[in-house]
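Both complexes shown next keep subunit A, but they swap its partner, so subunit B is in the first and subunit C is in the second.
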Partner chain A sequence: MTVEDEIEIMGQRMNDKIRKIFGRSLHIREVDAGSCNACEVEVNSLSNPIYDIERFGLHIVASPRHADMLLVTGSVTRNMELALLKTYNATPSPKLVAAMGSCACNGGIFGETYASGGGVDKFIPVDVYIPGCPPRPQAVIFGIMVVLDKLEQKIGKKEV
Partner chain B sequence: MKTEIIDTIKKDFQENILEESISYNEIYLTVKKESIVKLCDRIYYHFDLPLVSIFATDERNINGFFKIHYVFSIDKNDAFIILRINVDGKNPGYPSITYKIAAANWYEREMQDMFGLVPQGHPDPRRLMNFEDWPDGVHPLRKDFDIRTKPPRVNGEYIYRHVDGEGVYEIPVGPVHAGVIEPGHFRFSVAGEPIINLEIRHFYTHKGVEKLFENISIDKAVFLSERISGDNSVAHAVAFCQAMEKIAGVNVPPRARFIRTILLELERIYNHLGDIAGIATDVAFAFGAAHANKLKEEVLQLNERVTGSRMLRGMNAIGGVRRDIGDKKDEILQKLSIIQRDFRKLMENFTSTPSLMDRIETTGRIYPDTAKGLHVVGPSGRASGLDRDTRRDHPYAAYPEFNFKVPVLKAGDVLSRTIVRADEICESVALIEQALWALPERETRVNVEKIPDGHAFGYTESPRGETIYWVRTIGNRIDRCKVRDPSFCNWLAIEYAVLDNIVPDFPIINKSLSLSYSGNDM
Partner chain C sequence: MFEIIKKTLQTGCQTTKYPQTPDFAPQGFRGKPEFIAEKCTYCADCVKVCPAGVIWLSEKSGEKTLSLSCCGCIFCGRCEEVCKPGAIKLTQEYELSAKKKEDLISSIGRKL
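== the complex of A and B ==
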């Protein structure tokens, strides 16, 4: 199966979910909290013509105020900690958070040092962890689907 | 030229030179602290040698001193002159050279934060990576600072340069940006549309990489070097490995040198394609952006098929490469010829679209003397008339065996930077073809068990420019690893490039300089 076919199948499934939960589209704000920039390369890849996530209802937005979900990369450096918190506070609920890449998951190679915080969940609540260094675009899409599943469950429980 | 310089310096500054040593192509001269300004001045202006790095080491537990190293490159002879001064550990002041050599600015401020060395007479002694909420006296690269220390947050204020005048207002941007880019802060002062001042503030992604090198094993350090500036993984890893190989005295097998060259050029191709796509995006040339992005993705997928990693990670090791790629020869050749054909068409389209040319011609100019004064490196330097390329001037890997051109333009605008990159992509494809056709036989790696004590430089030309490592090993561990990413030199140039341009052109100028925040902040 080519990458294009793979993405087509995943994308359609995701699109159905997004329609069900959000009505039309899921808005994502990417926050670099001290990554090495390879994770950003892959987030940017999501918008290239091969993956083109917009057609599945995923939209990367310019401000956290427009976002349903934060996609956070990097090990949360001391100098970015405050900016991350401010961004989180500016995001309206459901405030979903995906930690993308080993650094965001647990600090990765940079670990916990005088300058590196060692993982996003030390600072804000994380809904899903997307491992990889950097995760492939397919993995990021899969991770977003897991977040949606979680949200679906949460909503289901509330209704009961 | 090399001997002439050394002889003249020795003659004129005889009484100031304390010690001389030569290892490989590195000439170290330890000199008196008081003479450093004069000596740097002579080497920089009289012999016209670029200052490529300044860094410190903490040797207080050996001799009670900090040492500062000033590194000049003799491009014509593939050599480096390193001036060293001793700075008293108890009274860590030394004369600043920034007012004479502008390129020294950030290095001196970096040493001030990291080592507590005070550059006396520095025109702008504000803190750099230690933000205002760091307490005084925290100097992470000192040997007596434990990497796990968490300095408390204190109250403090960072003072920006201020521009006064009728109708002047400020636009603060960042650190979290609108696009998917790394964090950094930009403060524009504008009057009407044109930018009259820009101040950049970085080091938001300072992760303590240099300290980390001293606290991990050498095997792991290769992986760390790949993660300093993620999209320049190969260039950083090769530079690091070369420094270690120099210290260990190993000769990397020819096949490994060829494979490294191929990887380095694949990296250059996908980065340059990404930059061209970015420039097209920022001028709203959606067709071109989509095309360039598609080509970039194709290279990334090729990377993955060839090496198992889209960013070409995990391939380099001290002593060679981990995996052979000879069996992928046909696939690489085939794919690259298609990519090159498509890319040529794209560039024709690019340069024949008047609305696009209008946006990028004369936009964001860096004049040759500014570029030289700030030591702008890589494609940005070459677009401003600086004819320097580490691949040619300090040959490494398999570059001495191949033919390639180094494109140089003079205008220094966004257009020149785009053209330099486009030409370099074609050169890179030709280099990979030459390397694949001539791939030597046999092994790809020699085993390096233990690294002896020593120190050496390792350097590469990353897609962004000259990348320099200086490593010192003691007892099979890294005692100090200084990394000089090209972005550390190039960032300040943006403050000049944007002057008199309009704010909406800032993203294009920024993209055309292709600057890494992570590599700069470390």
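== the complex of A and C ==
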């Protein structure tokens, strides 16, 4: 079997997964917790005609109360800390959290200082880390695929 | 009006078929950094220059270990620039998502 065949099979498996799990849909709320706006531009391009995540039933919504998943960008600055916690508490369970970008993963070049929190996982539990500065839109789609296994587990266990 | 419709039809569908078919990053894209274990001299030049501080060298009972965490890496390529033996290269791999931070760490070691 060549490498190309393997990639083809992997793509097919991913497609099955999308159909099976996104039979309904996943709603995403994007939270800017002190990002430089590069990640926001990539999130914007997710819904343009080229990447078009709406074809999988993924929607970007305007309120955390409508959302199943929070897509957090930025290193959680002191001013955005409370806003992030409020958003997390307003999201209905079972909920997922994706840390998008290097800053959200562990602080990135800002690190942990008096103004920068140094990563989303210091404040709220994170389900998937999407590294990249900023990650490509394809990488974000891949991150959502990775997190879906976790969603199945959460629904199975009826975790709060 | 006719011109616009003509242009739309000529353009066709531009949406990527990404998850079904693999999408390769363009030439020059900076993705996951990888070590080449045979070439590395453990001089720790990359540790000094890394702006995000995600490369570290640890020594335990005579064995040196050089580790890199993609979690926090900004893919600037500075480590590749300063490495004299050319033991670190930025690949075009971008699918790096993981559920745990530990899965994003890659390391090489050698007994000296």
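As a convention for this text, the second predicted complex is superposed on the first by the 129 of 160 C-alpha atoms of A that agree within 3 Å, B and C clash if a C-alpha of one lies under 4 Å from a C-alpha of the other, contacts with A are read in each partner's own complex, and residues count from 1 in each chain.
Note that in this section a residue touches a chain if its C-beta (ideal position, glycine included) is under 8 Å from a C-beta of that chain, and two chains touch if they have at least 3 such contacts.
As the structure is a prediction and not an experimental result, all values here were calculated from the model.
Asker: Mind working out whether A:Ala62 is in touch with subunit B, subunit C, both or neither, as first, second, both or neither?
Answerer: Touch status of A:Ala62: first partner only.
Asker: Report for A:Ile109: first if it touches subunit B alone, second if subunit C alone, otherwise both or neither.
Answerer: Both partners, subunit B and subunit C.
Asker: Report for A:Val128: first if it touches subunit B alone, second if subunit C alone, otherwise both or neither.
Answerer: A:Val128 sits against subunit C, while subunit B stays out of touch.
Asker: Given the touch rule stated above, what does A:Ile50 touch, subunit B (first), subunit C (second), both, or neither?
Answerer: In the superposition, A:Ile50 touches subunit B and subunit C alike.
Asker: Considering only touches as defined above, state whether A:Asn89 meets subunit B (first), subunit C (second), both or neither.
Answerer: In the superposed model, A:Asn89 contacts neither subunit B nor subunit C.
Asker: After overlaying the two complexes on chain A, where does the subunit B footprint on subunit A coincide with the subunit C footprint?
Answerer: Correct list for subunit A: 49-51, 108-109, 111, 133, 136.
Asker: Which part of subunit A faces subunit B closely enough to touch in the complex?
Answerer: The contact residues of subunit A facing subunit B are 3, 30-45, 47-51, 60, 62-64, 74-75, 77-80, 83, 86-87, 108-116, 133-134, 136.
Asker: Show which residues of subunit C lie in contact with subunit A when the two form their complex.
Answerer: Going through subunit C, the ones touching subunit A are 14-16, 18-23, 25, 51-54, 69-76, 94-101, 104.
Asker: Quick check on the complex: what are the subunit A residues that touch subunit C?
Answerer: It is residues 7-8, 10-12, 14-15, 18, 49-52, 55-56, 102, 105-109, 111, 121, 127-133, 135-136, 138-139, 141-143, 145-147, 149-150 of subunit A that touch subunit C.
Asker: What residues on subunit B touch subunit A, complex-wise?
Answerer: Its residues touching subunit A are 129, 131, 138, 140, 145, 147-151, 175-176, 178-183, 203-209, 211-212, 220, 223-224, 227-231, 233, 274, 290, 293-294, 296-297, 300-301, 304, 310-311, 313, 516-519.
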